[in-house]
Structures are given as C-alpha cells and as structure tokens.
C-alpha cells in the first residue's frame, strides 16, 4: 500500500469508529425513532453511510460483489435517483427491522471489505476507489453532525428532557471581552476551492468576484445579544422581518430560538445535548433560522443607526482566507466535546473570532452554482447540485462538526426556516 | 382473601403476564415505534395499562401512595380529561425514555402493590378496589388486542414484510361448506347487559327494542367473496357506496382490503402477523372499513336481486342470544393462536357461525347511547360515553380478542373508515 | 288539466318565482361568490334547481328534448353519480360564465317548457311527470333555505358587515314567559311517513319504535340561556363535550355560536341577514353545531342535578304528532319574513312551542335508514340514502324554511360540526 | 404647472384609464372572483391601485384629507405592515360589497383629487408628490399585467373555456428562421440602474460584477421546442430536475406548461386570453415555472453535448444593454394587443431577439439585494425589499406588460413554482 492509501485506510477506520462512538450512549429505541421528516433515525444514519460505501465503492469495484441484503439498496438510499428508488424519507423511522445489531454487523462487514479493497484494488482502479472512499468519509462526517442534530431534536420532544451527556458544558474561564469589527477590502477577489485536498463539487471552480468594502463583526451574535432582541420585541415587529419570515413566524408562533424554554422564573433556559442548561450570555446563540438571523441583523442596525446585515459568502470567505488555516487549527468543533457553543477565549488573536467550529453562520447568499460550476459525473453528481434553489449558504462549521471536516471554502446549505442544525450568525455592514 | 378476591388476584396475574407474553417476541425498537397517530407503540400500551392501575387504583386506595414517576401521570394518560393533561397522542412514539426495561420494572412494581392491596385492602374499600381492578383487567385485554393490531400496522410499513410469528396459519382440514341464512324474529326484544358479571357502561341498560323480522347470513363474508366483489369492479362503481365512503375511496385510492397486496402473478396475497400469506378463499375477509362492508352488502344484494345490508346491532345481538354462551365457548379468539381468521369448521352447529372470535363484524348501527344510559361516575365515565358520535358499532370479537373478553352484549366502536382493526362483516336482509 | 295538475302548475310557478324573489336584492357579484366549499353561490342554486327539472323531467319526458347547453348537465349536477360527472363542488364559485342573466333566461325557458309538459303530457306519463315535478319543487324549497344560509355566510366574511335586508327584526311584544317540560309517553309508538302527501324516501316506512317515557322542554334554548352557558365557562370545560366535539372546539378555537361577535363593550352581538343585531335574550339561539348543542345539554343538566340531553328523533316526532298540524299552521317559517328566530308569543298553546319554523333542532339520533327503508329507484335514489353516515338528524324547520315545506316526519341531516344552517336545540330528559 | 408636471398629469390620466379599459369587457362577476390565493379579483386590483394613491399621496398631502371610506384602508391594503393591518389575501374575493360601481366611483374621485393636487400642490411638496404619483403609476402598470394574468387563471377554471377576447391571435407572416447564439463578454461589467428616470429601489445601486464569457440564445424557447422536450419524456426523467422541482412535479402531477390541454386528437392546445388556441410552434412557450425552465435547459444541453442553463440576471442585462433602447422600442408588450406571445419577425436585427415584451424570462439568479442596496424609506420600502428570499429574478417583460413599463434594469421576481405569470425562458451556455 502506498503511504497515501495507508493513511486513507487509517482514516477510514477512525471515521467509521467515530460514528459508532457517537451512537454508543444510545439505546436501541433512541436509535430507532424519527422525530420529524427532516430528521432521520440514528440507526438510519448508521445504515445509510454504510449503504453509501456499499453502493458507490463495493458494488462497482469489489470482485464478486454481493450485497449484504438486496433490499437495502432501496431501503437506505437517501435521494440518489441515479441509483434507483428510495424508501420514503418520512418513513425511515418505521423500519424496526433490520435491528440495530444487524446494521452494526453490516457496517463491520463493509468496513472489512473496504479495507481489503484498499489493500488490493483491481488493477488500474486504485485512484478511483480512493477518491470514492474519500468522498464516503466526507459524507460520513456530515452524517456524524446530523446524528447529533437529529438526536437533539428527538430528545427535545420528550417531556422528561433527557440528556445525551449528563455533565454540564465546560466553563470558559478566560472569556474574551466583546470584540469590534474587522474590515474586508473591496475590489476583485477570489473564492472557491482550487488545488489539492478534498472539496465538494459545489465549492468549485475557484473564481473572481467583485466586492465592495465591508466590515465583519469579530464576535458571533451571543445568547445575551439575542435576549436583548427578544426583550425589545424583536419577534413582534414586522419591520425587521422578510415577508416570508414574518409569515413563518406568525404561522408557527415563533418567539425564541429553537430549544429555548421558559425557566419557570420569568427567564429562559435552553435544551441541549447536555439536557436543560441556563443561557450563557457570552456564548453564541444557536438554533436560529435564517429568517431570525436576518431580522436580528436589521433590528441591530436600527439600534446603531446603520444598516447591519448578514455577510455574503464571498465576504465571509475573504475573511476566512485572511484568518488562515490557523483559525481552523484553533477551532473547537465536535472534537472539543462541548456539544454546545461556548464563549470565545481571550487568547484568540484579533479579528473575527470563532469563524470555525462553534455555529454554522447564515450568510445572505442564496445557494447557487458558482460561475462555471460542473456537477460531478454520475449519481454522485446529485450530492449537491440538485439542491441549488430556495436554500441559503451557511459557513464555518459548528460544535457538532469534526474539526478535520472544517474548510474555508465549505458551503453548507439549508432552507431559511431550518433551525434544528447548529446554526447561528455573525453580522456585517457596508463600508465606503 | 375471599374466593372471589383470590380469583381476581389470579386473573390479575394471568392477564398482566399475557400482555408481556404478547410483547416477548419483539425488540426494543419494535416496541418503540408509532406507525400512525391512531396506533400506539407497544411500549406505550405496556405503560398505559400500568398507568390505569396506578392512577385509578393505587393512587386512590394505596396507603402512602407515591407514584413511580410523577411525570408518568401525564405521559401515559390516554384521554382522561378528568385526570388532567395528556401527552399528545401523535407523539407517543417519540418518547424513547423511559426505556422498555424501566416500563417493565414499573409494571412489576404496580403488579406487586396491586396484589398487596387486594390481599389487604383498607377497611370497607375491598369492593371498590375489586371493581376497579376488574375494570383495569378488561381495559388491559382491550389493549392486548390493540397491541396486535397496532403492531401489524407497524410491520406492514416495513418493505421487508417481517413477521411477528414465523409459522404459517394452521390449516383447517374440515372447513364447512357455505351456509345459508338464519331467521331473526320480529317484535319486541331485549338487548343490552343486565345482571351479574362485568359489562361496560355502554352495554347498559338492558332495554326493549322493536324489530322487524330479518335473516342473518350463517357465514362471515370470506376472502373468496371479496375477490368476486373486486373482480366485478366493486371498488369502482359509485352505485354501491355511501357518498362519504366514495369520497374516502377516491381520496385514498382504496382498491382492496388493507394489507392485501399484489402477489406478482396477477393475484393477491395478504400481509398478516405471520408475514405474507396467500388468500384463504374460505376464511373471513378482515381489515375492511365500514364503507367497504356497506358497499359489499349493497353489491351483493344487487347480484341476488334483493337488498342486502349489514345487520343492526340489535339484530346481531338477538342472534347471539339465541346461539348462547356455547358459541363463545367454541370461539377461537386469540387463545387459539392462529392470529388471523380461519374458515369455519364443519363441526359447528347450524345457524350463524363464527359470531365470536374471528373478526369484528361491522353493524349498521351508529354508536349511540342506549335509552336510559348513564355513564359511570368520575373520570372512568370518559371510558366510553364521550365517543358516541361518528362511529359505528362492531360486534363479536376477533382472532386477536381474548376468549374471556368475548360477550354477547359487547359493543366495540370505530369510525367507518377504520381498517387496521380485525374487522370484517356478516350480511343481513329483511324478511316480511 | 286536472285540478291536481292545475294546482301543481300554480305551485310550480309560485315556488320558482319565490326563488327569484329571494335573489332579487342581490347584485351579480353577491350571486357569484362561494364563501366556503360547503356553501354554494346563489347563481349556482338558481342554475342547479333548474338543472334538476331539466335533467329529471324534461330530458326524460319532453318530446324532442334538447338541452339549453350541453355542458350544463355536468356543470350544475350536484352529486348524482347516476347522471354522470359533476363539476367539483369547491369550484362552483369560479364559474363566472354563464352570466346571471343567462341563468335566469335558462330558468324562464325551463319553466315555460315544464308548464307546457304539465298541460299536455305524453300519453300515460302524466303521473310520473307530476311526481317528479313535485320532487323538483320540494328540492327547490330546500335550496331556497340554502340560498339564505349560504348568503349569510358570504356576507359574514365581509368586514363591512353588509345586510341582506336593512330593517331590524320585528319586535315580539307579547313574548311568552319561560315554559316548563312536557311529557312524552313511553311504550310502542309509530314514526315516519305514511299515506298521501309528499315525503322524501328517508321518512319511510312508517314503523314501530319502543320508547321510554321522557319530557321535552317547552322552549327552545334561547340566546340568554346560551350566554349563561358561556359565562359559566361552558366552552372551556371538557366535561361537557364529546371527545370529537372537544377536539373540534380546540382546533377551531370555538368560543361562541357562529356569527356571534364581541360588541366592543364587553358584550356580544350577532351577525344576521339583517346585519349586526344585539342579542335577543328570549329568542332561540341559532347557528350552533351538534357538538355545542350536546355540550349545552350536559352542562344544563349538571346545573339542575339531572341528566339533560337532546331528544331522539322518535321522541321529537311523538311530540310533534301530538301538537298536530295546527303547530305547523302557526309556525313562522320564512313566510313571516323575520329572517331570524324570534321569541315565542304568549298566545301559543301549552306544551312544546316553536316545534316548527324557528330553528332546526339537533336531535340525538344519527341519520340512518328506518327499518325496512328502500331508497327511490334510479338516480333520485341518491337524493338522501347515500348520506346515511356521520350525520345527525335535525327536526322542525327554521325561520328560513318555507312554511309549506314543514312536515312532522321531515328529517333534515347535517354533520355534527355544521353551524351555518339555522340550527338550534331543545332539551329532553328521561322520566321513569 | 411645469411641463414635467403636465406630462405627469397626462400620464396619470392615461394609465388610470388604461386600467379601466382592461376591465371593460368583463362582467361584475368576472371582476369579483378570486380563483386562487395568489391571484386577486379584478375589482380588488381596481380598488388597491386606488388605495395606493389615496394612502401614499392624498392622505399625506391633500389638505383636509378625508378617506372615501375609513374601512378601505385595511380592506385594500395588500401587504404594507407600515400602514397597518391588511384584509387576508385569500379572502379578497369574498368582498362583494363595495360593488364594482362604487369602486369605480372611488377611482374617479381619487383621480380628480390627484389632478387637483398635482395642479396646486402645497408649497414645497410638489416634488415629493410627483415622485409618489410616479411610483403609483408604475405600481398601477404592474397591476395591469396582474389583471390579465389573474383573469386568465380565473377563466381557465371554467370548463366552458370562455375567452377574454374572441378573435384569434394575429398571424405573424414573416416569422424569422431559428437563430443561433450571441456572445456576452467576460470581465468586469456594470448592471443596475443609475441616472435619471424611474427605477424601483431593487434595481439600485448600479454596481460592478465580474462575468465569465458566455453565450445567450437568440431565440426564446418555443412551443415547438417544448413539445420536443415533452416527447422525449422530459417531465418524467428526474435527471433534468432540481430536487425541489421534481418533488413539485410529482406532487402536482405536472406534465405540461400551465394552460396546455389535450386537444382530443392526441395533440395539445393551450388556453389563452383568446380562448383555446392551437400551439404555435414558433412562438415562445409561456406559463412555465422556473423548475420547468431549469429542467428544460439541462435536458437541452444533454441533447447537444454541452451544459446549457438559464442566464444569470447580470448576463441577461449585459445583453440587453448592448441591444439598447431600440430593443424596447421594437417590443410588442401589451400595447400590440396580441395578448399572447408571438414568433419573432424576420425583420429583427441579429443577436438576441424578443428580449422585451414577449415573455418574462426566468434567470438563474436568486432575487437578492444588490451590493450596497438600500430600501426606500418608510412604508414604500416594503415594496420590494422584504421579498428577497426564495424567489428568482425574471427579466424582459411580457405580452401583458405595458411597453412604457419595460426597462433594461427591471427585476421581476416570483417563486420558482409560479406559472400563472407570462413566464418563459431563454437559454445560456458558458464560453471559455
């Protein structure tokens, strides 16, 4: 095996093990239930990520391939029309058989066969196999984050408010004082992925954009900030809201971030993977929709006599390019184990803080193709391209994202009303 | 303990054990999931039946009562407004904690305390306790049937078609030839419960009704009969259908009984608790709605040049009174273990066969109060009375009903579109 | 022409003219709009009643029949599957052409041809024609009431609260003091239609029923009574409500009769065909559902320490048989022109008052076939029979019913949640 | 009056008269009905455009202003939260009073008072008044197009297929042969409005964008092109569709453009303002959603071995800038009276044809704020800004757009599933 292949094989083992580790504290029942159509059962995530390797790697490259179970090809296909039919998404939670134990056995079998294939690929196919295994790992890491987000939603539906992890979040003893704004220059700039290293097709091609000068807030909007917005009636004043956001807020009776609850003493607490917790005034707000983020920005600008807004993804990426890979190295991500966003440390360098690995940051940018974009060939071309409408881009990664999955050019995307992801915001304003 | 109390204590142990026995073949995941709002998870049934005893017996009569868990009083309340709030029915399946093991521990604890209470009731309260324990047992037996009906629905949602029990249904080697009609006399008659023995409040008071003479079919409508109805286009001809039934059939695309599926060779098979099975031409059809039953009757009459219809509950009960308790003694019920209706045996006496314990038989009677009806006092008065609108009465009990739960005056009730119960039909026609 | 035919021809002219008279105060826009799927545009009523005569009389009996417009046969068919397709009910209001003027021209043409046919029927068909014309007249009178009910709903959707008729309702200066209860004997009784005179198929056959003795309230429940129910929290106490009624009340936020509105001074007023009017404490409450009526009865009984309920239709009809045709002759109906129910006059004889022609009285009886019922042959057999599920019987006729349309054996029926009809209630209680 | 004011006063009279002229062929019923929540009644359009002038001009500037009717301020407010409440959009069609005649009288009164105000404005307010009257005229022209689009939808709901105008569309005898592609250069470019002349706030500021070179199709996609797409199974192949588009297509059963119908001989015809018409193979396809447009482009590219797509709005605007104002002068728009798109004439110059005034052209661009965008101050700031999410930009204007309303920088916007507007498409492809 080449060094590169050895490394890939090691990462394969590690990433796959990490998925199981996330599910380890859960009962079979916890892994089974689907709490809403947008969320999926943990067991389904365990199966689907295995399906991805079986279907896109083993089925194509393994000599004498035979599927673990012929029905799983449809049962655990998420949305790849090019691979055939899919079990309906809202019914994922109804499939009590195969049992969790069988899914784990399937995982083990596929892992073993992947390792064998990496060790001895059919002649001339090593690179293609490695590329698809890499894609499968990136895919699996995305589902690691979804496991936590979907599980949090499920546990939140239980009036007993059970915790995924019992201990309270770690304290940040050296929290930084509030930051200011950092300039992003105008003029021609480049964004998008180029060069070596993995990227999804939607991050390419790297291309020029023309920017106006602007400033980005050094801090993410905090839970304390959000309380001020609520105290000022921000949820009840149509002036701050997009029309579709106002309709959504009215129809759903939205009056606080998802998982915020009255604490019984006139204040608020929040449900987290660590159970019910008090607000942390200095920690980033999380589980807000793009509608709420946008309304907050407009309200915040009005308090300060200047238009505030969400940054575009190009502006954000410029700031992230300047911050460099050190910003990713410093990021918490899921690896830090907090499972909820924390305040920034005073040890962080000047400029935008917590760009990575605390909360996904809603941008003002619709999720659309970059100029010159080409989707990948074949069924994996459905991975990203077919969702390029009615969604907004989020940047930066969250406390549920593996650190090795963070990337400056990474484009996450969700509909503007989505709140069950670990989504927050950072403000921007025009300079001139 | 009096003999009566000893007997009750024995029955309590037996009925409670039988509920657990029904759940024994199931995984924690099987017990967790709710496949539709009308159905409930098996774990919920295990918990709710325990809640019933804890709330209506222990809470009122046990000295020094303390609840197993204070939140369970709301969490496992089904619909008793008089006892307080209820966890929303469609969200029963989202409650992954308490775990199945804790629910079983709760069951054991409540069982033990009930036995202690029966053995040594507070002075003067023995009769009240015995009456409520009896009600709890009847209630538990109803949920035993619901466990099977709800589980069948859940398993039917799985494209792998998993079976609750692996073996095929037992063969009936002495199936009776088709029967004829049996007369029910007209004039003044009495129906309803009177005298000793348990009955629900909705079976009382026994009262007079004036009947026209009619005839009841000796046989339940069979799967073979139903195939003829389908082959003749019965589902596509509005003439046979009530307007609401036709709208339902159109909106839902109904074209066969629930759980019937194409067998891949132009015919039909059916999904049962024993997995996919071929049709049994001589066995009763099951899992049809009242709309389908009513349409079948009208179609059948038109084939024979005479109006056929469903019997009223008074007509059915007259026939059942005539058949006597021997008909119940001969009934299969869930005790026979077939888990699906079977053909009648040739050894059955003349007259209406399979009145009890094969399929619930839709009647033409709306579920309404008997003349002079009084609901039970207190919260248990919500058991039956508040559902007396937009439902139809079914009679006789099914292959999922405990034999000791069958009763001549028993009134089951469901909305006309319900199909997931073990519901079938028997025809009637006017005589004059 | 025979005397009977002459009379029929005169009634045909009068009834058809009365329909136009009801529409006379309305604009083309008023006649066009459908305010909800359950209601129909006035123009549609004018057209459909004409369609009924064209399809069931002229098409079958007129020599050389040609339809006014071939597309109208589908366009104005309400629900007769036996006659072919129907334009979808919720889209009746979208048909702006034919214009109102054309519908009126069609009416005039059909009227003229009906008169010609009555005057000179094809040999041997005079009786069949007369029977169908009679049916068409009864049908037209039903639609006269629907015109008023549907129009009231439409006008109620306009925030300007426009009136159909400007003047306030007539004052009743000799209102009777509150009445008591009148006994209905138990034992064998007969209800249903027999003998000469028109009746719908669902009123037949006359048949025996066995009754327990009961008492009927002399008065309809009044607006003042209803205020007391509301003041006592009747809408907020689940104890009084059927489960389906409570769900409906919760889902729809029901807290008062339909068309009751806050008067801006802490009280209530009501929207009527005569615009916004103050409550009339002594006048019958109207526009309540069966769920509300049933809850009121249960609440009222609890105030008086005895179970009160709605009467069955058999009990009601016994009382009406005793009151005799004089009660109908005294009834107001739409002919009195009040357009809203009024208090009873002190001149009325003892016993149940306002049995006829004030408000339709919800009964406790599900709308089902009488023993021995046979629907009419042919497509007109769809008139009543196919609706015999999930509806309740109302008796007596309302302030929007033509007096000549009132009948002791008349069975009106609506789903329990319907409120836009002129529906109210009268209480009953058991005697023994 | 200054010349500019005189001109404005003349345009005011002309535009307002044109709105009435559009409604002239319609009955009161035609003007009353709302066929779906997205569409509005013609009477509502007549009233709302009048409301706009009354509320934003007369109320603020007319000395001694008194509203025509105080309730109209809410009743005919569309969506301006800054002005107060709004009558619910889906209930616009239920308001049968005020009558059409009163709305017209209101229009006449407001027109007269606006003219008086223009002729003698309060000192120092002439410019503000002129600016708002100008905005009101632009607003009115938008509603002129909506009147035609909404009316077409209403008439399409009538199975009689009535025509707004009886004559068939004019024939184009000199239709051009199919065109090719025209290059749009890459590099820095400018788009957006600057300088004199009216523009909406969303067209500003003019700003730089960096473009890759691309080519735009000279022709709009035609009805003949679309037939080929359909014949090739374009609606049934998920490969061409965005995921949200495919879900929409499946849920709605979409298989052809809106208003296309089977012609009874295996082909298709289309419903237009001129009634049912045969397809015109050379005329632009119209009434397609962005989902369909996007799928067509992807399919078309696959037929030609190159990725085809919709143009971005910047690419489109570059081409339109090059075509110059002559392209607008040549445009048909609603002024040409065809009321449906027509084939291009052979007399048109080389390059992209029919950029203006045939069909609105879906672009690939999400409707978002231009860099540096500021919404107008006050309630009119709600005109465009609050809709900047989940919509796509359309460019060019249609056969229902007044020619004087066409503009190179004009940004129309609708959700991707909208089809009842006069929307079509033009293809683009990358060059490099």
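When the chains are written out, they are named A, B, C and D in that same order, and each has its own residue count from 1.
In this section, a contact is a pair of C-beta atoms (placed from the backbone, for glycine too) under 8 Å apart; a residue touches a chain by one contact, two chains touch by 3 or more.
The structure presented is a predicted model; accordingly, all values stated were derived computationally and were not measured.
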**Fill in**
Sorted by label, the chains bordering both chain B and chain C are none
**Message:** Measuring centre to centre with CA averages, how many angstrom lie between chain B and chain D?
**Reply:** 60
**Asked** Using the average of all C-alpha atoms in each chain as its centre, how far is it in Å between chain A and chain D?
**Response** 38
**Request:** Express in whole angstrom the distance between the two chain centres, defined as the mean CA positions of chain A and chain B.
**Result:** 47
**Request:** Any chance you could list the residues of chain A touching two or more other chains?
**Result:** none
**Complete:** Here the pairs of chains that touch are A-B, A-D, B-C, C-D
**Message:** Quick check: in the complex, which residue numbers of chain C touch chain D?
**Reply:** 27-33, 35, 43, 71, 74-75, 87, 91, 93-100, 154-155, 157-160, 162
**Prompt:** Of all residues in chain D, which touch chain A in the complex?
**Reply:** 79, 81-82, 188, 207-212, 238-239, 241-246, 290-291, 294, 307, 309, 364-366, 368-369, 371-372, 374, 382, 386-390, 392, 416, 430, 432
